[in-house]
Amino acid sequence: MTNPGPKILVFSTEKISDPAIDLAGLLKMHYQARAYTIIVPCSSAIKPRWVMFAFEQGFDGVFIAADGTDCPYDTACTDKTAQILTNTQKQMKERGIDPARLKMAAICSVCSEPFVKYIKSFSEYLSQNN
Amino acid sequence: MGKTIDIIKKTRTVPEEVKEKRKEFVRIKKLIIKSLKEGPKTIPQIAKESSVPAVEITYHLMTLRKYREIITGELDDMDEYFSYELNNTK
Amino acid sequence: MSNKIGVYICHCGNNISEYVDVERVRDSIENEKGVHIARTTMFACADSAQTEIIDDIKDNALDGIVIASCSPKLHLQTFREVAKRAGLNPYNYVQVNIREQGSWAHSDDPEGATEKAISLVKAGIGRTRFSKSLEHFTISAKNSVLIIGAGIAGMRAAIELAEMGTRVYLIEREHFVGGRLSQWGVLCSLNETGKELISRIYKRLKELDNITLFTGAEVISKAGSSGNFEVEIKITPRHVKTKCDPEGLQKAIDACPVEVPDEFNFYLTNRKAIFKNFDSEFPEAPVINMENCNRCGECLKYCDSIDLDQKTEIIKLEIGAIQVCTGFDPYEPKEGEFGYKTIDNVITLQQLKRLVELNEKQLFLNGKQIHNIAFIYCVGSRQFGKINGNNQYCSRYCCTVAIHSSLIVGKKYNDISCLHFTRGVRTYGKQELIYDEASQKGDIFFHFDENSPPTVEKSGNKTIVKVNDVYTDQIELGVEADLVVLVSGMIPRKDNSVVAILKTPVGRDGFLNEIHPKLRPVETVIDGVFISGAAQGPKNIEETVNSTLSAASKVNALICNEEIKLEPTIATINEETCEWCGKCLEACPFNAISQITHNGKKIASIIETNCKGCGICTPVCPVDAIDIIGYTNVEIESMIIELAK
Amino acid sequence: MQEENKNREFDVLVIGGGIAGQESSLNLANMGLEVLLVEKDYSIGGKMIHLSKVFPTLDCSACIATPKISETARHPNITIFTYSEVKDIEKSGKKYIARVIKKPRYVKEELCSGCQECEFVCPVYVPDQYQYDLVGRKAVYVPFSLANPRVAAIDIDNCILCGACEKVCPTEAIDFTMEAEEIEIRFKAVIIATGFNLFDAHNKPQYGFGKFKNVVHSMQMERQLVPTRPFNAVLRPSDGKMPDNIAYVLCTGSRDKSVGNPLCSQVCCMYSIKQAQLLMGALPLADVTIYYINIRAFGKGFCEFYQQSKTMGVEFVKGKVAQITETENDNLIVRYEDIFEGKVKEAEHDLVVLAVGALPNPDVPDMFKNEKVELGEFKYVKQVDRFACPARTSMEGVFVSGTAAVPLDIPDSILSAGAASSEVNSYIKKLGI
């Protein structure tokens, strides 16, 4: 069997980015099957410990599909999610994990195309740097 | 079980105009696909080859793209035209 | 915690099963911990399948359900209802998306799609094991509202809410109702004046016995939360008990020796310490302003309902919601801005409106008859380029009002010509018609840009407006004007103490800020506090009324059942580990966190009525003492474990 | 099932499932009233669901519209009839009776799973009205990806009756025997939320829409900017080239007595500025020029948004466009009077967008049987007490919401819809039945 490729954990948000990921499926845009989604209410609610836990458990990469400026809860969501990213990446460095294994991008509710592109390029990066 | 299409066929006929439009679409579709079998091309290239106005090619090609028969390829060096190719993974 | 879980894998016709080997998924998960039943089904959402699931739950006393089918956005509610019908708590149901994010997304990779589906279903089972039974919070709510401000916005909301069955307390800081509209003459495109419109509305308001109006009243404190607020209202006395007879009243006013500039007429005239702004004003009794009154007692001789000893009162109200309709202040130009206050025939648009009300046959200012008027637009609005000030916004109503004033002036007095110095006329929508009418009538429109504003200068006894008009190739023109009207826009209320008390946020422009202009246009981040009218930003009358009636329907919807249902998926605090640092409070966009003392220790506490369950507070906690129900560490981590396998 | 539909009673009939109709319905439903929402299209969502981003916040339109749509669709107090038309409304005592025609979509809504298998096998291609004819669609199709209900429908007029869809449907949802169904409804009040029509750019022949290949209207450009866009990028229709010099012609069909519409449409300035900003993002090298008479940037945050577009490099030319002509290479010559310089000028562009305005929806009066609701001077539904009760019309119990009464932007439509719901609820409470 060929190498099945890297495993990616995706954190999506219930109202904004998860609908975009659904829409990608609806439009039959293909991306790596080894990308798994966990839905949270808001991307600013993702705990760094979950991300670290995912790496511990063997995920190769974690992708945060952030609310961005479309966040229904907080206009400062982009900054807050970015802060979580920075904090987590600091912890990753400390543990010798390449910080580029955690990626974030704002995905609006119809941004299926960007989502697929991100997952493809992220997956490529992870394969090359394995 | 019988199909309901057979029931409606008894009461409804298809207008000639609809049949004609379909034929026209299929004709241009064939020309586009034939042209793309040789490799990726831009809309003006397909138009020239098939002698169909480029504006018609845009409409038909984009429709075929919507139904995933064609996919978008590279942008040319001048950043003007995309090339299009047949979707072989379909 | 669920230990007897039923798992259903849906074929969705062949939408799923064409790419995902559903039987293999079933086989792979049936021996998972906690799984009691594992089945595949053609259409999980079909009636027959739903009945089967209900029977399974009942027959096997299942305490958790996982359905792997389409996106939860489509059928989460459907299956929660199924769970409910079977007597299972709907929050013990987990939906796993193996269609949009499974078979469809990976139709190019059936093997991958199947493997993914297996992992996703296992993660769903993991999550279900830790799921809790949850109930909606229901809190009681009072079907009563406090409306702050009795201008057109407040009065219209009061009437509508009262008619819909909500008890209304309407408070007004001034001693008369009507707000800015009562200062207005004939309204654009109507044959009705502002005063008349206000009287008409006031009469409707008086007929409703579930409205209580307090004038001279201000909110001084607020406690409680959505559904159950307690507010304190300070009521300044009127010093006049009932309405006086008109003759006695007039004599009392005449006798009053105090004269102060009249703010109602924008200081164009003076008034006495005892006054009414106009005859048909409501409530009908006059008022004595004690800041002006010298207690000479002259008025007491003519009017026996005057009581100079009335005291300020403070009353408490318990209400379910608050609607803020505090309106706007007109922008007052700075001294010297386009000659304001330095040149005697420069006035504001608001002053012009009063001037027209005060002058019957001919238009006079300072004893001089007016034959031509120069309007300078966007004073106090759209301040950028070489125009000083911080108000970048457009005040939206002023173009129309200025042009309409020109039409009114033309109709009321003969031989007045009008010149308009504009920044591009914004008579949007139907208002376009009056712009056309003014052009037809012979009004002349100039256009200047922000880098060459006009100047107003005195030359001898003449007032000259100079402008670089863009229509005439930017050559400077000088025009003589008998009257210069500065078309001043709207600014937020200068005295906005109510904002400090209610803690409603304001935007960069200083006006009250809604949560979102399209999604929640009259709601604030403070649950139960609604905003409307020009307090939110410049609006004309129709827009004000639309927003206020919109807010009224939101208020009514919130409290009409006398209870408020809240989602149970909100934040919780671990009382053991919380060490109160305040970071969660800082992060919360909804004021849903407070500090309490628990077993002698300061800790954070969630205000359940405010929490929206967004979880923004959770990652900021340095000791991980805060979680969102449904997204707790064990739930998320159990999913990660299964997905990583 | 069908029997249940006959002679049903509701508190309120809302006509039109656009943003105004949804907002009115949701408010009423949240206040405890039973609402029937009738939508003539296959899906609720109106025009807003087809927009890209919305001014001045640049929120994604779908992100705002879809949650509201699903909330409307799921609300227990709201019943929705899509692809249905109100045939007539008449007063009966204190109540109203309406007959609603549910037109056949030839697909059983409750069975269709939206899988689109049928769409892929259908051999017929016709212009897709939801993409404003920029591409084609099939004769059986899921109208658009965000449709609600997201189920297929058959365009019977263009169907060649081959039956391929019926054969392939995994849920046997296709049913060619479906017929129009007439349902009688009783209710206490009605809200007209029928929205506006776009000005048909053909009616301004000097701009060459329909004749010149690279003259498009603003909704066509809007679709090109949406993530579910018809082309893969912003392209000009004549040959699929990425445009690098785009012109906007404002007031196409608005403020124009020659086409019978002297009103300002309120939205075209702002949506053009928004599109210009999005185009600057999508095509970083392109020039965008906006030809305008006055810029109506009046709403909250609008003026700031307009200023921002200037700093981004959008060029604003104050001038009325008189005529557009086509060059041999399909470029366009825009002839206009430059007001700043006072002379007639010409400029060449490779794509021209006509910022089309709003016109009243002419369907409204036909819905009433005996007494008809009065229209105003410009054929919008007349508001009889605009400042005190903006939703009130000439008929008691008949209210208007959104752009059926006057052109409005989205925030103002939503507020007007909110006002209508308040007025309706208090009316019903007073009716006391």
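Residue numbering begins at 1 within each chain, and the chains themselves are lettered A, B, C and D in the order written.
Everything below uses one rule, namely that contacts are C-beta pairs under 8 Å (C-beta built on N, C-alpha and C of every residue); 3 or more make two chains touch, one makes a residue touch a chain.
The structure displayed is predicted, hence computed values, not measured ones.
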item	value
Chain pair bearing the highest count of C-beta contacts	C-D
Separation of mean Cα positions, subunit D and subunit A [Å, integer]	35
Geometric centre distance via CA averages, subunit C-subunit B, whole Å	51
Residues within subunit A bordering two or more other chains	19, 23, 26, 28, 72
Per-residue overlap in subunit C, given as positions that touch at least 2 other chains	73, 108, 516, 519
Numbers and ranges of subunit B residues touching at least 2 other chains	none
Interchain pairs in contact, sorted by label	A-C, A-D, B-D, C-D
Residues on subunit D engaged by subunit B in the complex (per definition of touch)	119-120, 123-128, 134-138, 156-163, 166-167, 174-177, 213, 230-233, 235, 237-242, 285
Complex interface listing, subunit C residues touching subunit A	71-73, 97, 99-102, 104-109, 112-113, 115-116, 119-120, 123, 516, 519, 569, 587, 589-590, 612-616, 618-619, 624, 628, 631, 633, 636-637, 639-641, 643-644
Complex interface listing, subunit A residues touching subunit D	15-16, 19, 23, 26-27, 69-70, 72, 108-114
Subunit D to subunit A touching residues, read off their complex	57-60, 62-63, 66-67, 145-146, 226-228
For the subunit B and subunit D complex, residues of the former touching the latter	3-9, 12, 14-15, 18-19, 21-22, 25-26, 29, 42-44, 47, 54-55, 57-63, 65-67, 72, 75, 79-82
